[in-house]
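Note that chain A is present in both complexes that follow, paired respectively with chain B and with chain C.
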Partner chain A sequence: MAELRKERLDRGVKVRADSIYAVSSMKEIMFLIGPGLALIIVLLVVPLLLTPYWQRVFAITGIYVLLSISFGFLAGYVGLVCLGGAFFVGVGGYISGLLNTVGVPMFLCIPLAMLLGGLFCTVALLPCLPLRGVYFAIVSFVYPLFFARLIPATGWFGGTDGLPGLEVFSNQWGLLYLMVGVILVVIFGISRLVNYEDIGLVFRGVKDNEQAIKASGLNLTWYKAQAVFISAVMGCFGGAYLTHMYGWVGISLFATDFSIMPLAATVVGGVGTIFGPLVGAFLLVPISEALRAFGTLRIVFYAVILVFFVVFWTEGLVDYLKRKYEQFEHWVRV
Partner chain B sequence: MELIVYGIVNSVILIMMSVGFALVYGVSRVPNFAHGALFILSGYLTWIFLNRFGLPYILAILLALILITIIGALLYRLIIIRVRGMPVSEIIASFGVGLAILEYLRWSGLRGMTYMLPPFIPGSTNIFGVVIDYQRILIVIGGLGLLAFLWFFTTYTKTGLALKAIAQNERAALALGIDADMAATVAVALGALFAGIAGVFILPKGNIVVEMGYEVLIFAIAVSVCGGLGSWKGAIYASFLIGFAQILTVKYIASHYHFVVALLVIIAVLITRPSGLFGKQKELEERV
Partner chain C sequence: MNSDIILHVEKVSKTFGGVKAVDGVSFTLQRGDVLGVIGPNGSGKTTLSNLITGFVEKDSGRVIFNGQDITRWPPHKIADAGLARTFQVMRPYPTLPAYKNIIPPLYSPRARRSARGKLGDRSAVAIDILEEVGFERDARVPYKLAGTLPLGYLKRLELCRCLALQPELIICDEVFSGLSMSEIASMVPLMKKLQDSGITLIMVEHRLRELFKIADRAIVLNFGAKIAEGSPQQIFNDENVKKAYFGGEDNTYVFK
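Right after this comes the complex of A and B.
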């Protein structure tokens, strides 16, 4: 039996699009901007086609998409595994809710919640930032559980009942397209940040070679804190948005779902890609919604998918698709 | 007096919960986030053997412990071994397995009052004027037995010494012909066994509920971080520290703060002494 191996060759259009010939014809330009354009169009059109129920699911999916992007950014580009998406959501939601109860209008609450929540989360996570290893994952995992215990125990912020009767989005379309807009800004913003900005290079350095960062005279903790702040702001927006979607804040904002789903989405979509978490979240959250009848069995379902992808298919969907998009593959004799 | 007796009991409970986690991390550098799930699973398996199959209690416990050890070994051999050396993936994979086990148990109805293990010996007694049930005394005896076994195992048996060697200097151990994967398998299986023993001893105190699994994981982490990750001797000291701190909080502040103590300890230790209160960063001998 002849031994075979898989040979991969770049497509011609990819080779041309990598160089100055990218602008030579429409075909090369479309090859380059096609995926991004397709994403924008799909995100803009999809809400129009959905029934009101699935529009709400779409909005919630958006929250998970933001959390997943923030998780993917931290894990893939800064090397911090954050198991505390629920912490960001909860903090953002509660700050927005509290501000709203003292009379601050909603459209001021959300930005304030993002800013204050981001600061709060960063400061809370600061002690474990100088350390390498599993500390960050551990501490970020513990915080949401901690608050989910503390709030009912002390009765602060409405205790078990939460804060009802907050301001809600008056317009369903406003709700949906605010989310679409934020996702688009975030995804292209982050992608620009890590690929073209200087700080993106530093972040990668933090992940790959801490010694080099220190040797360059850069403050490691300061850069990690910045990255955590960026992620926390995204998560806090998710929380504040959820608060004003339902007009209610409660300890369910600290639910483990918000920590696990981004993890699963990122792993499925591909760690170390910007678009992976987005694709993963848009796949998993609607499936989860469809499986709602099975109760917590759906978490089992994710956990199994998660382990499968981590162990057997580490590249994830996006890298796989990207390869298919850019290269020919065929078997050749060794 | 009550404080001291219950403080000791609580500390030993923490030791039992955390020593397996500390051991696995110390030997193989794998943070076994499935630890809490294994804890609950052993209790659940015991319950199944006891009530569904009607086996005697002792036999049910032994079978459950053997099964949980095998599950631990399989967990390493089938899953973690493929992501060794990638801390992110190790956390995700083991956490995923733990999550799958716990949420499956939740789905199959593991909540409320249904699932209860009887205490080994019912009833209670009086020690220095403090009323204490036999189960808690047995927990203390079991916990001390576990530590004695661990000490004996890592000091006098060949496998134990191999584990110690791997923990101290992996390359030198490899050069001496110690199979690192085998040692890690043994470590994870032992960690699972310890989680299982802890489950079987501690769960008769209350109901078997899924939340307990997450709680055990967090306490194990709190203790291990406080004692210096991976050092099981540090974990023992830390257990006493946190154990007494919790009992004092329950006594003088309020009972629902005892979970808060664990987190505050993690944060405080990370700020002041990241290598743990008793861990010395350079001294690797401490780990096993």
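Right after this comes the complex of A and C.
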């Protein structure tokens, strides 16, 4: 009886000549750009297929996607574990809301909230950037808790009631496709930044080779601050977007979910990839929404999924799919 | 102060727990010179370079580089002032082409200043620097993944990281250690070339024979303290040095 054995073959499409990719046919070009193209098409088409309720879910998922990408970028490429998702969302949301109450139109509020919020968050986190270890994670996690107590206690910015009656997106499609556009810009922008731009090498050095970066005459803290700023801008956009989706700002913007969900999404999608957090967030947030009927029991489902990935599938979804995409597997007779 | 003095180290000390790693070491270095730093294992050579370059905080003492007091400066600022260093343990990006390892230092303010804003394509500049130290462009060595390079190339890659800064002084931490004789033979002329191009060198070394092909003066450390300074001949004839290395017996034939 013939025995069967599984054989793996790398796809012969990528002919690597040192640093140059030699691509010689349409099929190979499609193989290389296929995944990116598929992502663009899926993101453009999916909102069209959803009911208005799930369109809302899609928009909120988008916020988590941005937060997850920013978490994945800082954790996987700069070596900073940032639990400041809620901080970024809250600061972005409040700045946008406050500007809107003094009469700045919405289309100006959002970019201003991104810029000012990014600066505010970076400056607030600056003192713990020179430190190594868990301090950055702790401080970034504690800031939103601090603001969520400070605002009701002092009654600033509307106190417990928040700021109601803000301008909202007049058009549901505008709301959805703004998010799709931002996600696409962010995902391809960050992926280019870390893989092809020279500054990506500096960020990687900050993560893996601190000494060499210092010996190269580069100020470690300055480059960490730049990376945090990039992340904070993404998070602040999420907050401003949420504000103008509901027309309301409140302390619920500082909810811990915004800090923890990106971590979970990155674990599921794969640490050290840019597309992993995106895939993870697009899976987890809708699952969490679908499990809403189970009430608090959904946390249990959630925990099971997480434990499963941490224990049995550490590499995450994206690395696994990437490997399958680049290899043929078939059974051969021995 | 004489303007030809590039580095002046004054009574630098460092204690780790109860161990005096570096104990009141002083020396002065003229521009363009090559100074060897030698001593038995654990005598504080690497700690001394860490102290000068700011990677370890000094307990006491002063360091003056180019007339500036750099005693309390952070490492990146010292490197930016033109005092570069190599590391004994190199950690390149193993999965990236060799030339990409030279890109971070090209980002430094110093590299930008010296190019007067006309740095252009950093990859091209990086490859030029690598070629200068013997990464054959025609054999596409600069494009090889850093993880696949032999140790001799890695040591030169580490030197290139310094050269990208256009430094005035390089502290080389054991560039010869772990290399084969033929690799060392090609390294010696490279160090001479660096010296000829006007760069001052401090060479922390174990391999005395090769060191003294390049260095005209050396200091000897033992248990953190400087026990001798001078020309090779002076050092070999110094009683303290003999004691430190050979326990006091006359074994100078080793050096011949």
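Throughout what follows, the second predicted complex is superposed on the first by the 290 of 334 C-alpha atoms of A that agree within 3 Å, B and C clash if a C-alpha of one lies under 4 Å from a C-alpha of the other, contacts with A are read in each partner's own complex, and residues count from 1 in each chain.
Basically, a contact is a pair of C-beta atoms (placed from the backbone, for glycine too) under 8 Å apart; a residue touches a chain by one contact, two chains touch by 3 or more.
All values derive from a computational prediction rather than experimental measurement.
By the touch criterion defined above, A:172 reaches neither chain B nor chain C. In the superposed three-chain model, the partner touching more residues of chain A is B, compared with the other of chain B and chain C. In the superposition on chain A, A:25 contacts neither chain B nor chain C.
When the shared chain is aligned, no partner comes close enough to touch A:327: not chain B, not chain C. Once chain A of one complex is fitted onto chain A of the other, the partner contacts of A:195 are absent, as it touches neither chain B nor chain C. Of the two partner chains, chain B is the only one touched by A:146; chain C is not.
With both structures placed on the common chain, the touch criterion links A:205 to chain C but leaves chain B unconnected. In the superposition on chain A, contact is made by A:220 with chain C only, not with chain B.
Contact residues on chain A toward chain C in their complex (touch as defined above): 18-19, 198-199, 201-202, 204-205, 208-209, 211-220. The residues of chain C lying in touch with chain A in their complex are 53, 55, 74-77, 79-80, 84-85, 87, 91, 93, 96-97, 100, 103-111, 122-123, 140, 143-144, 161-162, 164-165. By the touch criterion stated above, chain A contacts chain B in their complex at residues 75, 79, 81, 83, 127-128, 130-131, 133-135, 137-139, 142-143, 145-146, 149-150, 153, 256, 260, 263, 267, 271, 294-297, 299-300, 302-304, 306-307, 310-312, 314. Those residues of chain B whose C-beta lies close enough to touch chain A in the complex are 31, 79, 82-83, 87-89, 91-93, 95-97, 99-100, 103-104, 106-107, 214, 218, 221-222, 225, 229, 254, 256-257, 259-260, 263, 266-267, 270-271, 274.
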